[in-house]
């Protein structure tokens, strides 16, 4: 807790608690809102996020589903059409592959196919990402796929403030919003403003200002990017760290503005390097600010391998603060 | 047919026929090979590609399936593990979303998860792409998604020679290969070498050499790129056209080599611009050949809209030869 | 919508649907309609009977073979034809085409070109009505082919488990494109399969509009009363090919002819004549009226404007106002 | 593999599985095993009985709760523990971990962490055997939760339609994580549901290894004879939580205790003692033997090397030789 003269302005909380507070507030604020998904109720959520909400709000508002990803995501879409505000949890992004038809062919297209008559005010929460030795079928980073699809909004909270506040903003959106929650961050803590609430979803954020090089991350890659900035600072290099926050629509303006000052760019995510979301960030810079770049772009992502189970290999497969710092130094060499 | 002194060396054929010849040859050459999918048999294939093959090879070799994309793609994976060489057709890429779990969570991971013990020598044919006014649930361009996934190979025939020859090479691959067939090209014709056969899948191809600007396309964007090169030539601009052919593994060397000569780059596909496969091509150039670029990269893709039905809007949503040529001229301005 | 005791209204509707579909076939050959076009000629009794059993606040979810459903729901011919011509006045502003007819006012939620893709959606509409304590029922239409899809199975379980107010209406026309029922399904008794989810499920003569309406009314009442979903296997046949692309090489002439003997329009017309409710020239008059309606609708649709290209990327997400 | 008339072998196997699982729990708490860990304590009769009914050329497809299946298939404890320790000598070279145990030689095709994800795969293995005219059968193991997934439904239809040589073995332990059968399934008679695909399907006491073996043998014979797939609902219970993360807040103590009364090891041991096939110290001796085997296996696995980091990206696609 940070104490200032006027009383505490922030308190320390975990991502898990921050997400839960967001859910609790949403359920309390609007009776059209309900939460459905596998084991969100009785079990308390696979990762404990919704623990206690069933008792608090009852089984109509917090509803366990069978193992039927396509049906319950589709049911969320239909329920959204029907005037409610469902929050659907897909337990892990790999299982979202079973619901992609509904998300891409239906949720993302209905407004357009109906000529603007229909809208799908649906929020889908998707725990995602590597880092817990869950191996090749539970560690994917696929938010970039969803960010490719017109009609969807994709947000990726990387701070407890965003974890706490993005849900309210997402629920206010008349279109489908996917919230990707980093599994590896649930237990991590951060400082939450006591006066927290909805946050904007439109802009990337400069999480650390700097002069020499721009490091872009989001979700699971923000923390190592910030750590890399510390390492760099120790060596006299001032890195600016940008958190994309929302992958679609992508706020490339903030990135471009930063690059225009630093002239050097390192991008980092946990997706496989080829075709990952950072390719888009780099492409936009190459289109719109090529002349600003004084060095080749450095791009870091996961090694091109289905994630292996053992810790030493999983760690080697993912970007680390060390390697990010080294990449930043290469742009300055 | 092109007649030379020694007799005809090429003959004119449609993509549909070229694909069918590839299938016929594969079925004739190896009795482990069979074709399954919705309506590939009795109906002759939704787009007529497998017409006649049921009669020729019988129902064990050409097998209709129920509407069960996940099951029959997964069955193809299992059958490949079991020592056969299945060719699975998914009628249109949008329906492949229903089978993504099997493709991404299983086919792409089995070799790795088993520590190299197992392999999945499976070929999946996927008709894809816009251009026939099939609207927002039948016109997607998603090969870039698959190209993101380690463990898969993704090929995109854009000439009748590749349409005819890629299947044999794909079947020889001990790992899963996805062949994306452009629906809009099935009826188009091209010149096929009489002595056609397996083609390499490892290298991109320079389809038209040029000096002033590199235009990169593949699959459905190759034809407009070549047409654009004609338009440019009329104006005295010499464009080099590169056909990627294989999206994973991506042969960026051929692109880089071309850019090193032309110093200008236009990339074109039919995918939505943000996060499409061309972002990766641009990112690689920005990483590996930034200094070679004398102008901002021009990237063209589909408008960020689920494809609308009416012809005038569908056309406006997609890159055209005119607009590609204009983009190329901008790099030279 | 139709009075339960108004078979003449059912006949009128079926004639309108038949004439509409036949006009569409011609317009497609002429190049005025493009993309994929799936007609429901032969299956009119299902469209007329099912939709007649619904109230205006009930919801409808359909497939790409949905012209009949859309007409039966009351969407004007002009709006449908303008849609297929890609005009701004179309029921989906021309963006959807034949496979994506929508009408939010009439709770007609499409028009879905993914086989079985509408079933989860329909389940969700029913969930919303139950959640909001509204006494509405959702009618979800799909084909026999959809019964093989996982989305069908997951949705039926969910709907039965949660006792949602939904009626699953399977238009069993015995073929999924070129694949017959017996080559798609290990168990071809589709009602039996739905019954394995513990819901009421039965087969209905889908060539008899009155029977379809009665069965649907019973199912809708059951669902509305809170007794959970029902499943209707509506046994019918398409007289034409799957789509305008289809050469129809996979069906026997004799089979088609046998089903044509059971033409739902001929049958109901004969009954009405026998009952003295339709006179000799009655059917021809209905057809003439439908044709006149069609002539006017085609003309209006043809005269309608296209959406401006400048609006290409509209209706993707909500526009800031 | 086990002689059909060798209940002592079944008991020995079940004891080995039980001791193995309990050792794993300890190793997990100690941090030696990581990731997700799902134990099958209580369900040993299913593993022992099903696998005992297969021949060496038959194929097995399993889930993330597969240690028992792997042991019953004959994979050595060392290879399994080394896998969970992430060692190069593991049965998947350490790449897979607890959820991804593989052994190609033994036709043990994993170890799948997607619920129902292995079912299409198993169907394909059976298809390949049929296509190649090999007299093998595939046993496909999955849980009750998987029965709600579309992939289950699509695969059962396909297998029944094509009369494939496959036995679907549903380990019905009454819970999918924290969701009980009745909160997952509108119809909780799972054999009845499988029967709706026109395949032989019946329920079996999954706490009785001999009964499981006999039922599986019958099903395997049926499938091998070309009479199509069978479905076995093996009624069992897990005595421990879903995974090591699970606080098990959703089950009644009384329910757990009641099922513990039916412990498959206790029951078979009692029968064997009554039949004079096991003496008073017999079970303790089996446990001691299992513990000794485990001690050696843990030591060997701990001593085994890790894969070098330089090999990180190997085994993704075939390496050029």
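We call the chains A, B, C and D, going by the order they appear; numbering starts again at 1 in every chain.
Keep this in mind: contacts are C-beta pairs under 8 Å (C-beta built on N, C-alpha and C of every residue); 3 or more make two chains touch, one makes a residue touch a chain.
Worth saying up front: this structure is predicted, and the values here are computed from it rather than measured.
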Next item on the list: Work out, leaving subunit A out and holding the others fixed, how the remaining chains group together by touching.
Entry: one piece
Checklist line | Farthest-lying chain, centroid of Cα atoms versus that of subunit A | finding: C
Checklist line | Result of counting contacting C-beta pairs for B-C and A-C, higher pair | finding: A-C
Next item on the list: Provide the C-alpha centroid distance between subunit B and subunit D, rounded to the nearest whole angstrom.
Entry: 41
Margin query: I'd like to verify one number: the distance from the centre of subunit B to the centre of subunit C, where each centre is the average of its C-alpha atoms, in whole angstrom.
Written below: 36
Next item on the list: Could you grab the centroid distance between subunit A and subunit B? Build each centroid from C-alpha atoms only and quote it in angstrom.
Entry: 31
Margin query: I need the residues of subunit B touching at least two other chains; which ones are they?
Written below: 66, 68-71, 94-95, 98, 101, 105, 112-113, 135-137, 150-151, 304-306, 308
Notebook entry, point to check: Can you list the subunit D residues in contact with two or more other chains?
Noted result: 94-96, 100, 112, 114, 117, 148-151, 154, 157, 161, 183-185, 316
Next item on the list: Under the touch definition given earlier, write down the residues of subunit A that touch subunit B in their complex.
Entry: 70, 94-95, 97-98, 100-101, 104-105, 108-109, 112-113, 135-137, 140, 144-145, 147-151, 248, 250, 271-272, 274-280, 282-283, 285-288, 290-291, 293, 295-299, 304-306, 308
Next item on the list: Using the touch rule from the top, collect the residues of subunit B that touch subunit C in their complex.
Entry: 38-39, 42-44, 46, 64, 66-71, 94-95, 98, 132-138, 303-306, 308-313, 316-317
Note to self: Considering only the defined contacts, which subunit B positions touch subunit D in the complex?
What the structure shows: 32, 34, 60, 65-66, 68-84, 86, 101-102, 105-106, 110-119, 150-151, 153, 173-175
Check: What does subunit D use to touch subunit A in their complex?
Finding: 34-36, 86-87, 94-97, 99-100, 112-117, 145-146, 148-151, 176-179, 183-185, 245-246, 249-250, 306-307, 309, 312-313, 316
Check: So in the complex, which bits of subunit D are touching subunit C?
Finding: 148-154, 156-157, 160-161, 183-187, 192-193, 195-199
